[in-house]
Amino acid sequence: MAGRKKTLNTVCWIIGFFVLWEAVADIMLYLLHDPNAEKKLTAPSLILQQFVADAPHLLTEAGITFSRAAIGFAIGAAFAFLLAVLMSLSRLIETTLLPYLLLSQMIPILGLAPIIFSLVKDLDTARIVIAAYMSFFPISINLLSGFKAVRTDQQTLMYSYACSKWQLYRFLILPSALPYLFAGMKIAAPLAVTASILVDTLSVQDGIGQIIVYSLAGGGALGAFWPAVVLGALLGVISYNIVTLAEFILVPWDRGEAGKEKSA
Amino acid sequence: MSTAEISAKNVGMVYRDRKGQEITALQDVSFDIEKGEFISLLGPSGCGKTTLLRIIADLLAPTSGEISIGGETPAQARKKLKYGMVFQSPVLYDWRTVRENVRLPLQIMHLSRAEQESRISEMLELVGLTSFANHYPKQLSGGMQQRVGIARALAIQPDILLMDEPFSALDEFTKEKLHNDLLHIWRKTNKTIVFVTHSIAEAVYLSDRVFVLSPHPGRLTAIEPITLTRPRTDSMRNSEQFFELVGRIRNDFEGGSI
Amino acid sequence: MKARTQTLRWRMLSVLLPVAFLVLIIALLQTKAIHQIFGFTTAQLPLPTQICTQFARNLDKIVENGWTTVSVALLGLILGSFLGFLSAAIASVKPRIFQGMLPLLVAINSISVVAMAPIMNRWFESSFCAKAAVVTIACIGAMSVNAYKGMNDLPVFSRDLMYSYAASDSVQFFFLQLPNCLPRLFVGLRTNVVTAMISAIISEFFSTESQGLGYMIKTSLKIGNQKVLGWAYIIAAAAVSIFIYFVITLIERRALKERSR
């Protein structure tokens, strides 16, 4: 019951947010006659109109950006998985590489995007490589801490069954680290999208970022800017929710907990 | 060798604390446990009862003496899955349903799917959890979780059941119900059970013999045969004979140095 | 005894191995081994010595641009963290009305900087304000989520204790919720350091003003013979970020010293 009330409250806030946005934008445009009103803040209703008018083009470009981000995300996640497993298997590898993984959390790695872009000349490859690279760090570090958080009594149980190393990973370590993997992927997915959009803006060939930069520079229709920005923002939110949905399906045993946290 | 299922000869366990001082957790412990016996290891905390159980389970190696399980070392016995272990906490895997938790050791043993299924249903039937087979551990009460732990331990069809204070976290009513369930299971399956506890009444109600351990250093101070008839019933908990046995064991402790 | 020498050995290795790895990478770069494997030219991927020379030669420019970025990042970090904390506090004291606000903030927070920066450029005349606004918005979410958790994941029965004292909302907030959320506050702050640096740099990619690490990284990489300089700026950005992170960790240790005992 409490959870439902909270959801209702959130919905009210979201509706309120859009109503406020619409009101401010309309006041600026119709009452204050601000010449830059549409540039500064376009009303949601108008953005929707602009979006519908240009939908096929916008969606195609968004699809390009999003699919490259998704491929990069998958590649980054695969490498992250590999590294985390290697590090949990070998203390030597872990000791060598752990400091760099920790450092990666302290530096603005997205700032490296232009450099990687200058190394990889092909636009599509650049988008994928940078999205992969951005996804890699948060996933590997979360997964590794998941491997390390395995409870000792559960390991003792496995020891009492005299199981093999492979069985230890398959039955205990991998499944118990799954929630951590998803925690990392929830951080990584919007990052991959941001990385992909960023490369769009650097290359100015295609993708949703290209529309933003292009309309910003005054070329093309002014009307494309706001729908593109909103769509770009939505892509991040969508990517996050896809991971959350995957977690809901693949980690059914944690659902009760999550529900508890939401209603608390 | 004798016919003993588990026998200990002069088992000792000494370790060093952080300051490098020697601490004797167990000293010169010897006993024989016959096949099918229900034995309790009873004592206050620090008497080494859990240490002794972990040595039998090959989770710890003794610093002196030896343990034999049906003529084999604990390591050999563990690798043949000769014993099932039930821990203080149920140690269930959150990501597996009740059914899948019981399946875990069977998968590790590479049993056929059909064999797995038949054993799982048999075990869940035995502990009375058939209708909860598809629940996740977090959806169960503490007592039910511990029953899953027992089902999982029995699923590998071990000769021996090692239980480390399995009911200590449960309330009194649940505990007494599980005592009867455990005795019922024991009678049906004819296992040898080694049961660690710090409750005198629990040890008396369940056991054939109670091994009394005292701390500083941990040692076996008395072995008390329990003469209550089988099967045990709840009314026995109020019998004079029961109180007499409890009193006698309490005296064992007061005579020793606790 | 044996165990102790082993831990000592691992402690030494935990310093030696990472350093050896770094040296190996630098050597592979310097000897152009990496260039040969991936087919890079030194114009694309400069040698470490080249980067060092450029770094030293342009130190004044790097410091100047670095300061521009850091001032934006710090201002936004402080403002955003404060707003995040404030919203968490309001939501904790008056949950009935305000608890639904936090998911909205998190959603706004997940809007990528790339989309946010152009909007802010339109809102603010001064590019400094525009950049600071981007950083501020980016920093609200993490802090509000962490502070809210800290204010509401309370020790068992602590609320009941306060209730038994007939404590008012404000007493409960200042005596229970605020001190309880302190560790979480630092978690949010540490997350925000990196967020602030990233969003400051990215918004400089879009900025109309030709200043700051982000602007320099972007432009120097576009001009062929200045790519080396771009690398120097990147390294400066990383160094500054690590520095701020460590300062916050130090403050955190001081502040939480009593608790960890």
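Note that the chains are named A, B and C in the order they appear, and that numbering of residues resets to 1 at the start of each chain.
The working rule: contacts are C-beta pairs under 8 Å (C-beta built on N, C-alpha and C of every residue); 3 or more make two chains touch, one makes a residue touch a chain.
What you see is a predicted model; the values in this text were computed from it and never measured.
Steps from chain B to chain C, taking the shortest chain of touch contacts, total 2. The most distant chain from chain A, with centres taken as the mean of CA atoms, is B.
Across A-B and A-C, it is A-C that has more C-beta pairs touching. Each chain gets one centre point, the mean of its Cα atoms, and the points for chain B and chain C are 52 Å apart. Averaged C-alpha coordinates put the centre of chain A at 49 Å from the centre of chain B. Taking each chain's centre as the mean of its C-alpha atoms, chain A lies 17 Å from chain C. Shown for chain B are the residues in touch with two or more other chains, of which there are none. For chain C, no residue reaches two or more other chains under the stated contact definition. Counting only residues that touch two or more partner chains, chain A has none.
The part of chain A that touches chain C in the complex is made up of residues 6, 8-14, 17, 36, 39-41, 91-92, 95-100, 103, 105-112, 114-115, 117-119, 190, 193-194, 197-198, 201-202, 209, 212, 216, 225, 229-230, 232-233, 235-237, 240, 264. Chain B contributes residues 57-59, 78-81, 83, 85, 87, 89, 91, 93-96, 104-105, 107-109, 136-139, 156 to its touches with chain A in the complex. Every residue of chain A that touches chain B in the complex is listed here, in rising order: 151, 153-154, 156-163, 167, 171-172, 175-176, 178, 251-254, 256-257.
Residues of chain C touching chain A in their complex: 10, 13-14, 17-18, 20-21, 38, 40, 44-45, 96-97, 99-101, 103-104, 107, 110-115, 118-119, 122-123, 152, 193-194, 197-198, 201-202, 205-206, 213-214, 217-218, 221, 227, 230-231, 234, 237-238, 241-242, 245.
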